[in-house]
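The two complexes that follow have chain A in common; it is paired with chain B in the first and with chain C in the second.
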Partner chain A sequence: MIAYERRASPLHAARAPVAAAYAVALVSSVLLFEHPLALVALGIAIIGAGVLAGAGPSLARAALFAIPFAIIIAVINPLVVREGLTVVLRLGELGPLGQLDVTAEALEFGAILGLRALLVMLAGGALLAATVDADEVLQRFRRISAHSALTAALAVRLVPVLGRDARRLADARRCRPGAAARPGPAERLQIVRAVATGALDRALDVAATLEVRGYATPAATRGARRLREPWSRHDLAFAASALGLVALALGARLVGVATFEAYPRTQAPVGAAEIVLAVALVIVALLPFADRRGVER
Partner chain B sequence: MTGASAGATASSSMCGSRGRRLGPLCATLAAAALGGCGLGAGDAPGTGVGLTATRDFGSRTLIELDKAKVSGSDTVMRMLDRNATVAKRFGGGFVQEIDGVAGGRSAGRPVDWFFYVNGIESEKGATSVDVNGGDRIWWDHHDWTVTPHIPAVVGSFPEPFLHGRKGRRLPVRVECADPGSKPCGAVAEELIGRGVPAGRSSLSHSPADETLRVLVGPWKRLRGRDIEADNVDSGPRASGVFARFDRGAARLVVLDERGRSARTLGAGSGLVAATRAEARQPVWYVTGTDDAGVASAARAFDESVLADRFALAVEDDLPVRVPLASGRKP
Partner chain C sequence: MLRFEHVSYRYPHALEPALHDVSLDIAPGEFVVAAGLSASGKSTFLRAACGLVPHFYGGEFGGRVLTGGLDTREHGPGALAAVAGTLFQDPETQVVLSTVRAELALPLENRGHAPSAVARGVEEAALALGIAELLERSTHELSGGELQRVALGAALAGRPQIVLLDEPTSQLDPVAGDELVWLLRRLNEEWGTTIVLVEHRLERCLGAADRVIAFEGGAVACDAPPRGFLEWTAENVPALATPGARLFARAGLRPPPAGVKQARATLRAHGLLVEPPSDVAAAPLASDSAPSRPARRLGRRARAGPPPALAFHNVWHERAGGRAVLRGLDLALAPGERVALMGRNGAGKSTLLRHANGLLAPTRGHVESSGRVALLLQNPNDYFLADRVGDELDADALERRGLAALADRHPRDLSGGERQRLALGIVSGGDPPPAALCLDEPTRGMDRAAKGDLATGLRAAAAAGSAVLVATHDPEFAAVVANRVVLLAGGRTIADGPVAELLTGGWYFATETARIVDGALLPEDGAELLRKRMTLEVRP
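Right, the complex of A and B next:
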């Protein structure tokens, strides 16, 4: 499980909403591009940001889960899409699927969709979880909606608690005579069922506790005072970087740089503009990491 | 050697050398090769393939290619993609737009693209229909309020007589109310002149399902002889033919795109139309209100006259488009 841990990095030094905006900007940029060069540049930026933020192992763990998904997407696309002109494999009539011809264009676009999914999972999942302090985000969000912030905070807190429950239940199961060292699918299902049941019990306990402490009254959930904290150089740098990434992506779309046509023939022009854009994306994304002053706090 | 037979030969030689262990694999490969599977694009059709795109039941031509670009064992969809700007939906399985003309709704009525291979509506989608040498592929964008199902059209003549269906020529028989009549001879000669070995006979009561039939004669002689004729009398929803004869077969009513009576043709008028009943080959009618009408229809049984028409009515030897454009006064 990927959890936030404060590290000595410029991204961790930035305030949580800014760090979250930075990750969201990376995700948005990935979603705005289909051109492989731009996606590779964003991939370099996301992995670079993870490594420079000390979240490389978290990204690697996330990649272990994300890569199979990306491969599935890449494999399914040419089987369900009837587009493209360059047939590379004829599979004949396949029942309800009809005639199935695998085209190079569908394979290429499948690979691009897989790469995008991988990058979204890395940036929007691993990088965000490893570098953004959820408590701080929720604390700031409390000013907007106290009830929602409280609910989200509890949910965030409950996830690791349930993870620990599952580990304890698995340990207990292993202690039973004749139990295998590694649980099979049936045993895993039993553990999941027990954890799910326990989650409902815990939720009821938490609700009762909150009520006893007076959280149901308006005074307890009234908006918090605004945190007045001056913007640090890291806040400014990552906010500028996030804005720069989105501006680059939108600007490229508007002026027609890094355009991509998947069908009927793959068209992904690579010229000076695309190369400049790719380099700019990497630089804009990673430049804030150059300033490491005051990363401890 | 075709791709399938080459594949089968390759797999059989490998199986012979490796013995029983590879037996199941060999059987699978051989079945796959014979089932049309293989690497690469496959063999291209030997002869040229025609591509036409029209609007409003063939009244306006958008694309007319006698020899369209075809590569490998293209499907109808891929061939269209090679020769036109196409927008698709549902994972590329449905044509939404060709050269800027989109399906959807027009003036509150549903319009979409439909295709015919050698004048026959396909039972499968364009991504599942192979293009064969000599085929004529016709896409038409039209209002389908009356029916989305027009099983056969005459506008690809001399298809389907010349190249048949699915790359296989079909037996052709000209059945006439009067086999010795001039229109019957003219229709048969037109087909034979194009290299179609057409047999000639009187009207049959036991049509073979696999035979392409051209029925020649006044409608009152053809009416009620088979399910296709019944469908024509039932109207366009059943037959796809936007014309029908009155009760006495003395007048021919031409319908518009919305299935309304648009024009009534009197004595001496003819009709060339095609339809198809399920699981049978198309039936063409060269018919009319009387012998003069049949003669007129037989004279219109010509490639240049029938081109890009769903069906054709003839009045005073002048062609009348079927269906007529909606809004036109009778």
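Right, the complex of A and C next:
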């Protein structure tokens, strides 16, 4: 499970909303591009940001789950899309799917879609979870809606609690005489069922704790403010980077740089403009990491 | 500060009331211990005091509770949090945010304190509890003991007028447990904070308390100063008596002591305190808790040649990117040997047990056993996957464990002691018995009667040939169940010897009897020693 841990990195030194905006800007950029060169550049930026923020292992763990999803997307697309001119495989009549011809264009666009899904999961999932302090975000959100924040806080806290419950149950199962070291599907189902059964009790316990800490009382909502902190160099740098990334992506779309056509034939022109854009995306995303002054809290 | 007026309460769907006509007054600045056997109503009393009963749990509520002058019928737990800090048993669900600093700040922010007051409150709570170095740590990576201290910090951060604590020392080693009780006493004396503490290990806290309220069947059965309470236990509920009180009762001394200091003062006044230890006091008495000669020989044989039931050879456990939790640990248990594994939080006890049955593999060294190793982890609930007790164990095994009548019950509806027996039955399996039986903190949250039953069961398992290895923070339980103690620190064995040697003569890893009477381990031993001294005194 990926959880926030304060590390000595420029991204962790930025305030939580700015760090979140940076991750969202990376995700938005990925969603705005289909051009493979731009996506590769953003991939470098995301992995680079993760490594430079000390969240490389978190990204690697997330990739273990994300890559199979990306591959499934890449495989399904050519099977369900009937567009493209270059037939590379004729599978004939396949029941309800009818005549199935796999085209090179559908294969290429499937790979693009898979890559985008992978990058969204890495930036919007792993990087965000590992570098953005959810407590700080929740605290700021509490001023807007106390009850929604209470629900969110409960859900956020329950995830690690139930994760630990599942690990303990799995260990206890291994302590039974004759139990296999790795649980089979039936045993896994038993553990999931036991965790789900206990989830309500756990939720009640955590909710009781939130109650006796005075969460979501009127005073709490009024008090949901922090010391007025001046913007640090890292706040400014990552805010500028987030804005720069979105501006580059939108600008490129407006002026027609890094355009991509999947069908009927794949068109992904690579010229000087695309190369400059790719380099600019990487530089704008990673430049804030160059300044490591004041990264320790 | 806290007033109960004819309070009765029944949980939703419960047949019996959890509280029955409870009336009491706790004055500002009092340090009160709430005592009682399991399910006597202690925890419900705390829940009523902090407003969770009835606002959070529902049910039928009668009477009136005033906490810090606020009527709990009109003010919910959130409002009462302004005057009452509350800490429950399970630290896992007592910490709600992801960093320690945010956790400590939460109650202060919730009360609408100014940002500078929040920052100051966090620093002071962290310093008071010795957790300043944890402030930037993520709560998901803390140990149980660390979580407990952070949760306590959150309860204390707002400097509440009254602090309500439900077994706060259950996860702590003896050192941290004693430190916590004295921290509470300091808060009580210096800030005038009212303390209401529910605790099973009364010997830890009676010395600091002004008053003890004992519950029985949801009603107040005794409300007296510690010594008065101990006199009441002797006649009514001996299972609640502290080892020191049992020692005095057996030796025919009065009044019963509320702590080691009082006990030694009484002995000194009677001329029964020997300082420094005399030859008589230094020689441990022959008792079941002291290792017999055959047991000593058995231990040596196990190390010398014949196969031990369980052995750890130069076992290291080095976390990837982290510290070494075990450092070249050697330990052998002979069949039938009963070993208590003790040490501070983080000493490596749980990690060592997890190596015993292969849940963890050593990064260096190896573990060998002469047969199956059964391991009971801390929470027996983790072993229950079925909805019926009868589906967890077969009829014969249930009969052997005294659980046959409960076969149709849900495992989670059993009492703490019954759940422990069921879990022990699950891991022990059928015939043949396991070569070694390992238990990790099995007495957490248990009253003295349930601990006694567990000790009896473990001694029976050892008599049947299983080696028993118990990790525990409870010296009293270790003294009853073990014949050998291994003390760990920093992943290494720092002491290994007979229980009569290891649990006497120390400040923390020692029974209360041993701290009162040098050379004795259990109240029975101490009483005999005192009687001998009395005989010497009266001899011309």
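The criterion applied here is as follows: the second predicted complex is superposed on the first by the 274 of 297 C-alpha atoms of A that agree within 3 Å, B and C clash if a C-alpha of one lies under 4 Å from a C-alpha of the other, contacts with A are read in each partner's own complex, and residues count from 1 in each chain.
Here, a residue touches a chain if its C-beta (ideal position, glycine included) is under 8 Å from a C-beta of that chain, and two chains touch if they have at least 3 such contacts.
Here the structure is a predicted model, which is why all the values come from computation and not from measurement.
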Partner chain in contact with A:Leu85 - chain B first, chain C second, else both or neither: first
Which of chain B and chain C A:Arg168 touches, first, second, both or neither: second
First (chain B), second (chain C), both or neither touched by A:Ala208: second
Touching partner for A:Gly256 - first (chain B), second (chain C), both, neither: neither
Touched partner set for A:Glu5, first chain B, second chain C, both or neither: second
Partner chain in contact with A:Pro177 - chain B first, chain C second, else both or neither: second
Touch count on chain A, higher of chain B and chain C: C
Which superposed partner A:Gln139 touches (first chain B, second chain C, both, neither): second
Shared contact residues on chain A - chain B and chain C: none
Complex interface listing, chain B residues touching chain A: 3, 32, 35-42, 71-73, 75, 77-78, 81-82, 86, 88, 91-93, 124-125, 127-130
Chain A residues within the chain B interface of the complex: 80-93, 98-99, 101, 263-264
Residues of chain A that touch chain C when the two form their complex: 3-6, 133-136, 139, 153-154, 156-157, 160-161, 164-165, 168-169, 171-178, 181, 190-191, 193-194, 198, 202, 205-217, 219-220, 222-228, 297
Chain C - residues contacting chain A, complex: 50-52, 55-56, 76-82, 84, 86, 88, 90, 92-99, 102, 106-113, 115-116, 119, 136, 138, 140-141, 154, 354, 357-359, 372, 374-377, 379, 381-385, 426-430
